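Lettered A, B, C, D and E in written order, each chain numbered from 1.
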């Protein structure tokens, strides 16, 4: 879990203006795709250098710059200078340990989100950061690494389906955030399936491994909560549409996202409640098992220890032990033993131990 | 529990305008009943196609369209276009995993509620969604499946009893929501009975099954909370009556519902408190049982293990063991044993173990 | 506990205007006492029929109508029509499962309170509902059953002592509510005594019964909280005195009640905290007892099981066992046994087990 | 703990205007000391009867009346009539179970505080009530019993040191409250020392007594919280200085007290957190001890029970048991036993039980 | 932990104007370094006496006075009189047990922060107090002892790098606070590493020491929370920039710190959640171990106690025991024993105990 804390300490003492990428380093080249569209026009191009984006800047249509990879600080810096982003904005984009937020800087709005890459959760990192910059006529999206998440939106832009081509940059931002929130539902469903599996195994087979699984589940739920809770505020601020960058008509779509975020939170909180209940069941199962083991021990010991004492009596070597001489002594002892066993079994039955 | 999370992931990436039903699919035909009434007039008709509702739209009287079944997306779509509902509203109606809410869209108010079908709770689904649309002179109610819940209201409309026929569409919405909240009381009562049963069985017979029952109860309480808590906000927004669609005089009735919702919440929270107390009792009962078992084991072992040692002594085969030759050796040992047993029993009595 | 949930379900589907008494049915006749007073004048009369109250309605002095018993719906209905009470108000009065509240209806203020009848708490019902209606020059108080609680106030009115006769209807309402809040202190004191008893028994004698007592205590604390918490809001709304029915000078008295309610809440919350602490002590006591039992078992078994083995060795029947022939063999074994026992006892002492 | 709930029930039903002292009765005479001072003038006098205070009332300088003991109701009543205090104010002063509060009555401000007398905490009462009345040019302070707490302030007034003589009545009130808050630090320090002691004993020697100590500590922390939490509000209301009785320049001093109160709260909350952690350690220590005991038992029983069986075999009296005749039978059995013991010890070592 | 509570009690009763240093006393000389700079000019000087600072006071450039060590009260007093600081401000600076806060006194702003010295946490003190005073053109920073934390900032001022030289005193304060917040990330990372280590050891080797470590971790997390939570408010008040001492343009930087503080809080809260989960795992591991021990005991005892009884039977000395005479009696018994053992082992396998 602790590796989700990005190593920020290395930046302590640096000039606040020094841009440093905080997050996993990667070797591959940063990929920049620029789309420019309006209702009648569409153009898409992968550019090699950040400088090439400048050509798109002053077009009247909507420009969407998508950047896959943050490890090349110069790319972010260059884009920042083209689109007039504040140094602190660039820092926020590069610091991938940031919590989701929305900053209105007047000329543009910065939105920071978390995508939960469920497949990797078991391993190291769980949350990827997506930063969106919504300006007048342009949207820049930064992702930590190549990701097919936004492909359906790009496809719709290309084909002219839906409302994207007919709408402005704010609608594109809505679609991007909506995609991220839909991703939470996927994560939540998978989490739900695992909880269900775990619940079944609790009753049938409570083992130490179960505990570990519950702990892992808890970790992931915490991660999910950290990603989703701040989204409420982020989306509700966007919905209020106090910035001229967001149309009143788009605000309603953000309201829709807001409801979705609340749904996810509801489910996650339910999972939290269920998880704590599961621990109780687990601990009780363990207790019950201990009880079962102890009962077996007690039954066996309680029956045989007294019997061993009885046969021990007649194993004594005293000279004068009249019973030993009796012809029916041995069968009598055996009979007595049988009766004691029967009596004890009856008692245990009555106590409900057997 | 996790199946209460509707499979939303299948819609990820779809155009936001694409209507998809999220919820259990059903084969039966969607049933649409239209009522049109005012104080003097009443008309009720089951229509075959959604288009037939259009004829009722512009009547001056109150029109109530009740739709049983959401699996036919075209019906919802058609009604949406007749009554001018926004696409996102239709999405909300079709997505049955929605949390209760109230949306004021100016021309109409959308209210989403949950009915708790208690009988099915043990099995899969527990909450059915009811969506109400209150417009100028019309109410549309969507239910997931045929449900007799609203029959008493329909009967009153038919017979002209009560205030429904004398009042507007907002009063009808009040009556529908009131019916749903009354349904919560039924659920809460049944839950209460089960808690009482469980409490009794805790004291008399704490078994692993009890734990499972407590877990199920907890689940249902969580479901209930999720349905009821958001209702506070929903009803309080209706009560404020800021929309021209709601009369000041009807607001008072919503205030009444608001009180009822609070009563339900109070009871549910009490159940939650009691449930957590029950777990403590259960765990303590299990501990106490373990204690009882251990005491029996300890008493038996503590008495007989030393005795076995004593008789073992005189079972040794040493040549020179003077006691073995004594005439009263055997009775003396038996007497010593009896005295030891008596002493031990007294000690256990004093310790309160017997 | 669950029987504190009034059976509301029976009213589901009824016309909202149909008045039904929700609560314990009773056979006795409803008792109505009307008092009419001002500084110089006093008149008190028990009336047979609700209609007889009408004669007192338009007198200028303060009129106090006290109704003992709610099971005769017609009485409430008749009073409602005499004093112009809204139908929903009557419903609230009759539904004895209502949570404490204050409703300002312009012409009158409805206050709903809970009295805690401590004696009955162990059994079925714990909270009785008292409804007060404060109108222009009149107060109506509804109680579920005859109750001597308000007798001191009546006595003061009769004798002209104190400020009641000199003040208006709002002061009378203050006195009634004050009496109810003073009742909470009585309940809280008794609860405190029981907690003290329980705490003592925890240390001296932790039994299963103790657990049951703790559970009962918890239940009662929950009931108390439910009665008292909403009172804060009720009284603070009265204190604000926004209604012309309440004098500015009376508001100060409500402020005093407000402080008292807060005191009760403080004590109740302290009890809650102490209770949870008591459970921890109980569980630890049980654990400590188990530990004690286990130590006895371990000491006895650890001493005698090895000894039994030793004497078992010399109980073997091998032909060639030189020790058996030795003259001092037997005493030597006994000595060895004694030394082992002494060594073990020393070890246990050192471990602090004895 | 429960004796900290003052017996209020005895006042139930009394006229609200009847003054009754709620708290421990005392026999000693109530002590009244009046000081009158300004920058140039100082006068101090112990008066015998409350009436004698009247002479000081209309002096222009600051008058401080300190009353030690509340059990003589007439004293409070007389002072009330001299300084024009409302009847409810007198009630609040006499009811020593009151929670800390500040009431602005226009002509004067009533402040109720709690002093924690730590030395007595183990026994019955823990919190003494101090009531301060700040009027135009006078301060009255009521204490439950003689207390040297305010002596340093009196000494400064006498000697003319510090700002007291140079400032108004509001500054004197600030000094009195500051003294009370400083008293909390003393209590908190002593509590801290005891927690530290307890923590040490947890690790070294977890006994039942430890649990009792933890419970007592919890009680005291609860008492402390109840005294300190409401102080935040009390002091912050004074700081806002909305009353003409408090100078803007004094407000800053109240801000300082506010910070101190927050410090105390911070420490108390930390203690609460630490306490709950200590219970976990205690319970785990107990569990670990049980584990240790069980291991000893298991090791001894697991080694010797099988051995006893083996020697039991050769204690059988069958006629045809060839081993018994072998010359090396006995040594062979002893060797086998030694090897079994060695094997078992190795296993236990590997399992980490020894 | 309790030694983090500074001994305040010693100041109880003192004149509020008497300055006393509350905190660890130190012998070394207090070190005062004064820097004076603007974009073109830089001057730095270590002064011997506080009086020497006065010469820098009225320079137009930014003056930064850094004081290492608070134990010499006269230094603080002298600086206070030079820069016109209120007596209560000086008290706050000297009382190192203060919680983080921001006080706007009009002429200057006082900011109190905590630095967490992680290395010392195991030992006595954990949090050092840093007080910043921001006035018109000057910043005074007080540290409890020499600390290299601010060296990078000083280096930048010297070299003229970054924005410090170009900006005003408010920017310098931003840089100082930013450095302190960056320090939290370092602490948080180290804490994270220790949690990770602890988590690993929980699964592999749950010992009593682990519990102690968890307790220590909890302590440190509490300390961290106390330092960080109030920072939210402190920084958000600075960000609002209502004082003329803070430029609108600097406010944005404080917003950045605000986000960082929130990140730290997020991580700390995650640690808290994980810690409580770890305790559950620890307790379960202990339970599981006990279970394992009990199973071994039960298996061994359940197998051998009955066998010992069987061989005991044939150790009896009855005259008439026909089996003893049989030639195949001994082998038959051995066979029976083998079969019993096999049967039991099978049963244990089936129960999953082996």
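The criterion applied here is as follows: contacts are C-beta pairs under 8 Å (C-beta built on N, C-alpha and C of every residue); 3 or more make two chains touch, one makes a residue touch a chain.
The structure presented is a predicted model; accordingly, all values stated were derived computationally and were not measured.
When the partners of subunit C are compared with those of subunit E, the chains appearing in both lists are D. Annotation: omitting subunit C yields no split, and the remaining chains form one piece by touching. Overlaying the C-alpha trace of subunit C on that of subunit D calls for a turn of 70°, given as a multiple of 5.
Look at where the CA atoms of subunit A average out and do the same for subunit E: the two points lie 26 Å apart. Inter-chain centre distance (subunit A to subunit C, centres taken as mean C-alpha positions): 42 Å.
The residues of subunit B that reach two or more other chains are 283, 287, 290, 294, 297, 301, 305, 308, 312, 315-317, 321, listed in rising order.
Viewed as a contact network, the protein chains form a single closed ring in which every chain touches exactly two others. Taking subunit A first and subunit B second, the full cyclic order of the chains is A, B, C, D, E. Residues of subunit D touching subunit E in their complex: 152, 156, 161-163, 175, 178-179, 182-183, 185-186, 188-189, 192-193, 195-196, 203, 252-253, 255-256, 259, 262-263, 266-267, 270, 273-274, 277, 280-281, 283-285, 287-288, 290-291, 294-295, 297-298, 301-302, 305-306, 308-309, 312-313, 315-321, 353. For subunit D in complex with subunit C, the residues that touch the partner chain are 1-2, 5, 7-9, 11-17, 86, 88, 91-92, 97-99, 101, 103, 208, 211-212, 215, 218-219, 222, 226, 279, 282-283, 286-287, 289-290, 293-294, 296-297, 300-301, 304-305, 307-308, 311-312, 314-317, 321, 323-330, 333-334.
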